[in-house]
Amino acid sequence: MIYFNCDYNEGAHPAILHKLLETNMEQTIGYGEDAYCAQAAEIIQKLCKKEDAAVHFVVGGTQANLTVIDAALRPYQGALCAVSGHINVHETGAVEATGHKVLALPHRDGKITAAQVAEAMEKHLTDASAEHTVQPKLVYISSPTEFGTLYTKVELEALHETCRRYGLYLFLDGARMSYGLAASGNDVTLPVLADCCDVFYLGGTKCGALFGEAIVITNPELKQDFRYMIKQKGGMLAKGRLLGIQFLELLKDDMKLYLDLAEHADRLADRIRAAIRKKGFELVCENTTNQIFTVLPVDGVRALSEQFALSPDQMMDENHQMVRICTSWATKEEDVDCLIREMEQI
Amino acid sequence: MIYFNCDYNEGAHPAILHKLLETNMEQTIGYGEDAYCAQAAEIIQKLCKKEDAAVHFVVGGTQANLTVIDAALRPYQGALCAVSGHINVHETGAVEATGHKVLALPHRDGKITAAQVAEAMEKHLTDASAEHTVQPKLVYISSPTEFGTLYTKVELEALHETCRRYGLYLFLDGARMSYGLAASGNDVTLPVLADCCDVFYLGGTKCGALFGEAIVITNPELKQDFRYMIKQKGGMLAKGRLLGIQFLELLKDDMKLYLDLAEHADRLADRIRAAIRKKGFELVCENTTNQIFTVLPVDGVRALSEQFALSPDQMMDENHQMVRICTSWATKEEDVDCLIREMEQI
Amino acid sequence: MIYFNCDYNEGAHPAILHKLLETNMEQTIGYGEDAYCAQAAEIIQKLCKKEDAAVHFVVGGTQANLTVIDAALRPYQGALCAVSGHINVHETGAVEATGHKVLALPHRDGKITAAQVAEAMEKHLTDASAEHTVQPKLVYISSPTEFGTLYTKVELEALHETCRRYGLYLFLDGARMSYGLAASGNDVTLPVLADCCDVFYLGGTKCGALFGEAIVITNPELKQDFRYMIKQKGGMLAKGRLLGIQFLELLKDDMKLYLDLAEHADRLADRIRAAIRKKGFELVCENTTNQIFTVLPVDGVRALSEQFALSPDQMMDENHQMVRICTSWATKEEDVDCLIREMEQI
Amino acid sequence: MIYFNCDYNEGAHPAILHKLLETNMEQTIGYGEDAYCAQAAEIIQKLCKKEDAAVHFVVGGTQANLTVIDAALRPYQGALCAVSGHINVHETGAVEATGHKVLALPHRDGKITAAQVAEAMEKHLTDASAEHTVQPKLVYISSPTEFGTLYTKVELEALHETCRRYGLYLFLDGARMSYGLAASGNDVTLPVLADCCDVFYLGGTKCGALFGEAIVITNPELKQDFRYMIKQKGGMLAKGRLLGIQFLELLKDDMKLYLDLAEHADRLADRIRAAIRKKGFELVCENTTNQIFTVLPVDGVRALSEQFALSPDQMMDENHQMVRICTSWATKEEDVDCLIREMEQI
């Protein structure tokens, strides 16, 4: 079985494991206060051109999302989010479990717009019974989105401007950050993100590390006591250096490893997309990152599933099913050759 | 100004206040363990033909909703609910503040169907990543709904049957219960509710009392330790007898006062609906309880608003606005005459 | 049976009920935005000599406590409190249910000192693993305390000063406020409270009203969006005017009714205390409000319990038991005569 | 600087890292549903002689504690725990953040007794206002405790029996499990734990792994839907196999590596304890695991701190301070030689 179902089927890029081995017997203090975490944080600050950004490392994305959101909101406030957003559909109510409502907005290819945010705020501000409703205070987006699409610089700047106008925080979930940074057509860089977002994170888990997400806080209001929040929510790793070392390895030399791994995945995904187009199958949305959403005949899905683990999604009609195909930093060229060959047989 | 904006503009029916005065200097034990609460509970058990139902009194609807739902659910479970449901839109995230997601379903005239519930459950049960989503465990409905419509006996039985099949609790918010019981065409009685619902409540606040809701729990799983829940959530009234006395007065003699007050309101609402139809204005939905949703020309809304407090809702187009008009147990016949006269002038 | 077990055995002072009757059929807008609430708030601002204080009315003490504390704290912060404090022992974990730890300190006669608060803060601030502990951010006290004792002006000023030094909020639970204001030896007035506390409340439930507590917020940081908090926690009464009317009646004419009722109760309690001293029984603590904690022989407790409902507490040894005796605004002189006579027989 | 301040200064035992490298490029499904986790779970079931135990892996101890406790309790229930217990003092209120009160009991050398639990339950069951207090439902203990002491088989059986009698869950935090299993005088085995506890966990983080705790649930009531809980609380590792592989390596061949590493640490701690006794310094409590609590002259602490990182604790008097000294699986024999030499110089 060849896995194209997600981008976390393997361990970590070997360079990371070797670094963990190399540093294994060093003694460091715990909980992310070691020199490796400090170095990794400094690199991230420089990459973002925000030397006063606060950088924190946590093990996974759900922790990052729930900790940031609970830290940012007062009890009666909620998070605006695409109805397809990860926190709305795939975290078992982790945000609600901290007491906050996710305020879902319709999405287009996984994205929401500044205009939608403005509309939601105008509705709230002009509602005579606003006090009886949840007050929107944070906008949660992800880029790449759940559909593998990307926000453009213009879209992010518009969201930033709208958030600033209405006193909202903009929070970007970058669990698949590297696949976005390396994607063809992408015009969003880390400094752009750092300028537009109050807080965002760079994913490690899906981008070549064993695990780990690097949270970057640029808004001073959100920096205070953030480590208390991490500890309370169970996100503070005793051997915090494991996170520092991994991000150091990924991000050193101008994010070389981070970008190389993502470029590999994106290029392979481009090849699969080309094959889908050539074959005449539908792409659910146009995108350039490592996730592909396509609609295939059910017997094609069945045939492919004998050799490949795909990620089946909803039935479009009786005879067609949406499937997600993922490449990753670890995907092999020959496995893509093989997938394309089999798709051509459908 | 004459208020038609809601059904809680006045105090209580005078008979209730007189009963409070009459019993005022009696000494009773606190927290709802007095003889008045016991009598009121017994009357409710008999009215429901469920002598083993647990009956609890709380001050208001938000308390009733959040306490019942938090008592019923484990941390990862959520409540299915019409997107227009009170807990989804008008309680400032009270349910989410207890840690639970409200799982919103599309509604029709404020109602959801057994088929929608079944579909949501099938989706969850066949979802390969169900563990990454909130598990539906309770269905929240209200009758009368937010739109003043009623569930029929057939609809409730279908919901009951579906809930039983999928192991869901059915919870009915009866904040406006009396207006439903007294409505023309209604075929749902308290015994029907007690048979169909695991838990429901009879509203007092909007139905003639100063305040208060009577929660009826028929499912033994939900009975245990419910008073701990009420106390923790701030819903346990020190002078609990105030609730018992009020419900006694409303419900004694086969709910005479409760039904009389509601019949009065429903009949006056019928008069207003007839006038709206005659005039040719749109009724947003057909219903027979004390709330009326209609679409009026904006200049008509403006004209009416000089004498009457209505409850303006969304703009339908540039020139038309939805408004809610409410009657209540306290609405005066002559005020309705006056409203109808003015509507005819539009 | 004559009840001396608590101070909420009766309804409300008749003047309040009559006022409710008198205003009963007036139409007002809901949720505490009516003119009665506005007037009551204004009176309280004047009594406190803080015209910019925010005043909010809620139904009960648990609601007041949990709403204030959850509004004041970020998720990782907790409330310092006497181990005997109401929120620590008698609210079924209502504060913890909002996510916050109650940080219990040893008490003396129900009170904690500025020195204890300073010590707790120094410990936190010098703790190398402070981030692994709950950060104290609010000091909760009650006056009268659970033991009926009072904070003096000097003690309150010291707490205020210490809280200010460490960036803590001082929150005073005044559920039995009037009994303190009227007590012999009391030197704390409403302006003193308003100067010393960031937030406090004047009790109604135990002081002559049917129910209700008036929350006074003097610290601007705590004022923002407080009505959202009240709504979310289930404390917003639909017919909010019931709270305004009751407090108006109690507090008009320089708190005449509020103080008269309390003086009555305190004086009767003084008579009982004198009888206890004369008889040679132990008073658990010296105090001048309406609660009396004494230690009686068990056969005396048994004998008294035939005629009087007392509030039995812990066994001190095999033959002696602590009991609480409460007077209230509604206690009758002749019932006290009778109790004293029976105590003399022990 | 040589670190004796805690037992998580290094990475993992090299055998674990090599296993991670060896398996690194295998493709497995995520979230702990892979074959490595299944094998590790099976080994644990066999070691516990409980083939139907549910085994789950999470990244850290705080996650294990908060997830188990929130899964086990209804909203108004709390956890009995030594006042020194980790959840009470060192998790930034993580348990309270899930809504539950920690009910602290006095401890002796970090332990609580069955008699204390019974006393707390009798107090609750005979309390006339029990509904106004948090209902104890779970007993949390750790072994080794925060003081490095161990529960004996007799003590655990008594706790088990008492918990069963009162309907309480017994939950044992085994973050330092291996150091206990390998300690001289220990008479508690995994089957004993599995018989006595409703749920417990075997620590990895402090016992030779990079990170990870293995939760073992023996009580069927606690098994249901536990993976939903893990996901919601942020404890579900995408690359779950990292946990399975580590525990496999530690626990295979009858826990050979797990026990060998702990025996090494315990023996070195015994050497340090012998040196302390010989020198005449006080041991805060008698124990045989890898933590040592001793009281040293402050100038001695100062002198040692030039070469060694110790864990300073409270001042006992002006001239004496408590310090914690920790050995671990990674501590070097020669570093202990050096520490002992320096201690002799004090």
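Chains here go by letter, A, B, C and D, matching the order in which they are written, and residues are numbered from 1 within each.
Keep this in mind: a contact is a pair of C-beta atoms (placed from the backbone, for glycine too) under 8 Å apart; a residue touches a chain by one contact, two chains touch by 3 or more.
The shown structure was predicted, so the numbers you read here are calculated from the model rather than taken from an experiment.
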{"item": "Chain pair showing more contacts of the two, C-D and A-C", "value": "C-D"}
{"item": "Chain whose mean Cα position lies farthest from chain A", "value": "C"}
{"item": "Interchain centroid distance [CA atoms averaged], chain A/chain C, Å", "value": "50"}
{"item": "Centre-of-Cα separation between chain C and chain B, whole angstrom", "value": "34"}
{"item": "Cα-centroid distance, chain C relative to chain D, in whole angstrom", "value": "42"}
{"item": "Where chain B touches two or more other chains at once, by residue number", "value": "75-76, 91-93, 97-99, 131-132, 228, 231-232"}
{"item": "Chain D-facing residues of chain C, complex", "value": "75-76, 78, 89-93, 96-102, 104, 128-129, 131-134"}
{"item": "Interfacial residue positions of chain A with respect to chain D in the complex", "value": "1-3, 5-6, 8-12, 14, 17-18, 20-21, 23-30, 59-63, 66-67, 91-94, 97-98, 205-206, 210-211, 228, 231-239, 241-242, 309, 330"}
{"item": "Residue numbers on chain A that touch chain C, as the complex places them", "value": "31, 70-71, 74-76, 98-99, 131-132, 135, 225, 227-229, 231-232"}
